[in-house]
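First chain A sits with chain B, and in the next complex the same chain sits with chain C.
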Partner chain A sequence: MNLVQQLINGMVLGHAYALIAIGWTVLLGVARLVNFGHGQIYMLAAFVTWWAVAGLGLPYPAAILVAMLAGVLIGLIMQAAMLRLTFAQDLVSIMIVTLGFGHMMRGIAGLVFGGHPQVLETPLSWIDFEIAGAWVTAQDLAIILVAILFFALLHFVLERGALGRTARMVAEDPKLAQLAGIDVRRVYFAVFAFEGAAVALAASLVAPRTPILTSIGFEEVIVTFVVVVLGGIGSVAGSYVAGLGLGIFTALFGGFVSPAYATTAAFGVLIVVLVLRPSGLALGAGRGAR
Partner chain B sequence: MSSALRMAAFAAAGVIVFLLPGWVGGVYGAFAVIAIMATAAYGLDIVVSDLGEVSLAHTVFFAAGAYATGLLATRLGAGSWVTLGAALAAGTIIALALGLVTLKLREFVFSLVTYAATVVAAAVAHNWDLLGGSDGVSGIPTLDLSIGSLQLAATNDAGLWPYAFILLLITLYAVRQFRRSRLGAMAMMVHLNPRLATMSGIDVRKVRLGVFVLSSTFSAAAGWLYAYQRAYIGPDLFETYFLVLMLTAVVLVGRRRLLAPLIGTALIVGQERFLSFGGEVNAIILGGALVVALAILPGGFDALLRRLVARPAVQAPAPETRPVPQP
Partner chain C sequence: MTRPVLEARDLRVAYGGNVALDIPHLAIAPGELVGVVGANGAGKSTLVNALLGWSRGAPRVSGSVRLDGEEIGGLPPHSRVRQGLTLVPEGGAVFMRLTVADNIAAASAPASSGRRGHDEEEVYALFPRLRERLHHAASALSGGERQMLAIARALRLGPRVLLLDEPSIGLAPRLVADVLRTVRGLVDENLSVLLVEQNVRAAIEVVDRLILLERGHILAQGPAAAMRDDPRILAAYLGEAVA
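Moving on to the complex of A and B:
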């Protein structure tokens, strides 16, 4: 019975992880960009969702939209500041700059929302279901449903549509794409806006499961690395599978071995993969293995 | 002649800096922290500026030095010389292990793995009771480096400042000597042209490992003194604050300038101590400084200053011609 509960927890967690990571997957795979402020956008979006519900009195679905708008705005501001580095494909500098943005966002969140932990009670978290002796809330089911829909849509758009082709061309060779008449700047801005919106969507759905603090986001960014790298950089389907696998691994490891070291164990796996197959990541200009 | 003059100027500046905290009202604590954090930043600086890689694991070396010091001093009553040795050993061993693991990694993947190492180390520090868990270790005794009858102890920040100052001077000297050494020259060659370095018979991996391990000793030594300065260590040492502080200190003023990380640290810690707007605004300023230094002012203040200085030089003839017809 305990195993069933842990497996169901793992399923929910896995979909949450996949949803949290999808912005990065697209960012890295489609535009060869990184964002170490990812976790802090998650944190800020969680606060915005809480504020829209508790402060503005908006219904929960409207609050999700407000949070996503905030995410888009943050993404656009970050990309505007980094445009020169983006064109230079200076990944290391982008990495440090986004770390700086993350630090700023923590300060902003503390300033605007205060240091107190907040709890967001959504209408869905009140509804419980019992499945084979294990309990899930409607909020958990919503996470799974939204994650599946989001991934299906993204898979369809990116891997079938013209939009994905354009973005991939920009990632492969920005200069050539520009010669071909593609507005590369717009693609970069769009991808970063998508990253912000995606992580905000994840935050507004996943963050109600735990208290919302200015210090959250660290765990989420770790999870994101693991999902993106294990899933194969830029692969939408791979991210989904990796997220799900990581969620089940974390739930089982946490339930039966040690909850404190669950993410650490996952990260240990990541280090081993990175060290053994650094070239498999296919990063850096001109290497384009994908 | 000019080198003797420079030495004299440097010595005079050193004396002034040493006496400064006493003159401006006994702000020894802030100065000691600046010296300590600058020392930690120099470790990162030689990896960033000379080796050309961005390590995000130098907070681990810093914390390793602090943890070794705190644990040995409180649990075993070890003296300050013993803890210094242990701090350097802890930093070196971790750097050696991490350096061997990341030997083949470059640029972004190197940074990602070093960041991962920091995250894992933070989780271990939070959860391992032997290391004090999330409460950390408090009640670290004061610094005591006495040898025989020679009394070398620091009971407060004013007493600690001379040791922090000496640590900083040793660091500055060591970094300067490193840049003039064979290893330093090889590191630059590996950085600027790895293929040429390989063809010249340089063992690229050995150089990378050597510089990485050497750099960790600075950060670990800084952690050693920081544990005595704060009398407490805890998992907060792994927080992004220290990482962002070191990175900003390294990139803010300029690359491969001996005094740049010191000036950067002094600007950041000085703002936090003397011009503080509260923790949140300080975080925004620090994060913002890092963003500005890399995204908007590549090359840091140094490059900006040169651009500013270069501009009037071009227009210089204009003001000179004007005074002539006037009298």
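Moving on to the complex of A and C:
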């Protein structure tokens, strides 16, 4: 295992992690909400992408859009069910309801897509590049590129302009935001739709790297958790840095120490960081959706 | 009498089983400044909040609220705000993490409403102090500056009726007079205001009409001049012996 290969793997993994986590980051940063069905939306979206390509014969980019649409739909349904809890900011109930949704999604996926592992073949997986003796696929490059574009766009939208300000107002005080004429309900729906679309986008890009099973999604939730917390709860830029850092750490640890204990080590790092710096790594920690 | 700009009928608010407010009728004329006074827990905040259908808690609110003759009682708070009913709630209603400039910029009358709120220059002309603190986070403002910012934000929304819940709380006596005089000035330019004020002595100087609330009911109301000598006001709030 050479270092360049591990670094490239880490870069790919890191951008994948950041992309998988971004929906949660915004969810937490704007709406102070959590979604423990996040991993199962990932799983469902992976299946939907596979089904759109293998079953419907759609081209890969169109399949990504179909998966994102499914993600939006799931997000809207979940938020519709939780609206009252959301307004009450009843986090414990929301946690349980979203966990329940996750399990239901897993059951539905089992019914609809069956128990067999599926492999999503994309045209990009077949294209390889060699960089300094290391290999990278076009699929991997697509993950990096899309993640960077997505984060840049989101950062731009939330940092400037009225939309970002509205997000920060709702994040700080939803009741007061109502008095500013903001339809907070709509913001909550939009945020959950975004969460669904973002994790679906991540799934349709990242899932081709591994077989798709109804049991996937758990690891993605754990990764999301680590990225969101390390990035400084709700910070967009922080999540990017944290995702990248976690990816490179996991790749290096896996390549040079032990792949079996990479996740364990990542949690070790998380605990150390949390104990030493309770607000996470990002400078903008705790400042809402930034 | 001209048609009231704001009119409520059978306004009832209950927290659980406790009825906190029961008001058969309340009206504000265009360009009128109405003061609401009463002891702690009398229902003053409950009243102004209920007119907007807004609360930090979860009360049951019933009754009719009309703005310019149009029923708004069933609308969610943000819709009422867009229709021109604006509330500055109790205790510094500003976004702490936003700068003063962002707090001001974030509030503006919806383009579709046809109303024009105060523009940023007018707001700073009214509260020059805010201009000096433009790029500070609102959390860095003093209590009085925060009240000014809260009022400024409300004015930006271009209200037809402004509900103010104790805008002078925590302000130095001289600032209280300043704020009340500012409110009076806005009313003279034809804004209608319902003003909750603990400081009865100061309020009575500027309001047109005064409403005295007690345990969720209107105990007395009348023109400021008459209420000044009302024994119930005198006894309860001015601490003077009733002759």
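Observations, loosely collected:
Methods note: the second predicted complex is superposed on the first by the 269 of 290 C-alpha atoms of A that agree within 3 Å, B and C clash if a C-alpha of one lies under 4 Å from a C-alpha of the other, contacts with A are read in each partner's own complex, and residues count from 1 in each chain.
Simple rule for what comes next: a contact is a pair of C-beta atoms (placed from the backbone, for glycine too) under 8 Å apart; a residue touches a chain by one contact, two chains touch by 3 or more.
Owing to the predicted nature of the structure, the values given are computational and were not obtained by experimental measurement.
Model built by superposing both complexes on chain A: chain B and chain C fit together without a clash. Of the two partners, chain B and chain C, it is B that touches more residues of chain A.
Once the two complexes are laid over each other on the shared chain, residue contacts for A:A180 go to chain C alone; chain B is not touched. Within the superposed three-chain model, A:Q5 lies out of touch with both chain B and chain C [touch as defined at top].
Looking at the shared chain after the overlay, A:Q118 reaches neither chain B nor chain C. Look at A:Q89: by the touch rule set out above, it reaches neither chain B nor chain C.
Once both structures are fitted on chain A, no C-alpha atom of chain B lies closer than 15 Å to one of chain C. Chain B makes touch with chain A in their complex at residues 54, 101-102, 104-109, 111-113, 115-117, 119-120, 123-124, 126-127, 240-241, 243-244, 247-248, 251, 279-284, 286-291, 294-296, 298.
Interface residues of chain C, counted against chain A in their complex, comprise 52, 54, 56, 58, 76-79, 81-82, 86-87, 89, 93, 95-98, 102, 105-107, 110, 153, 157. Against chain B, in their complex, chain A makes its touches with residues 34, 36, 81-82, 84-85, 91-93, 95-97, 99-108, 110-111, 218, 222, 225, 260-261, 263-264, 267-268, 270-271, 274-275, 278, 281, 283-284. Here chain A touches chain C in the complex through residues 88, 162, 165-166, 168-169, 172-173, 175-176, 178-185, 287-288, going by the rule given at the top.
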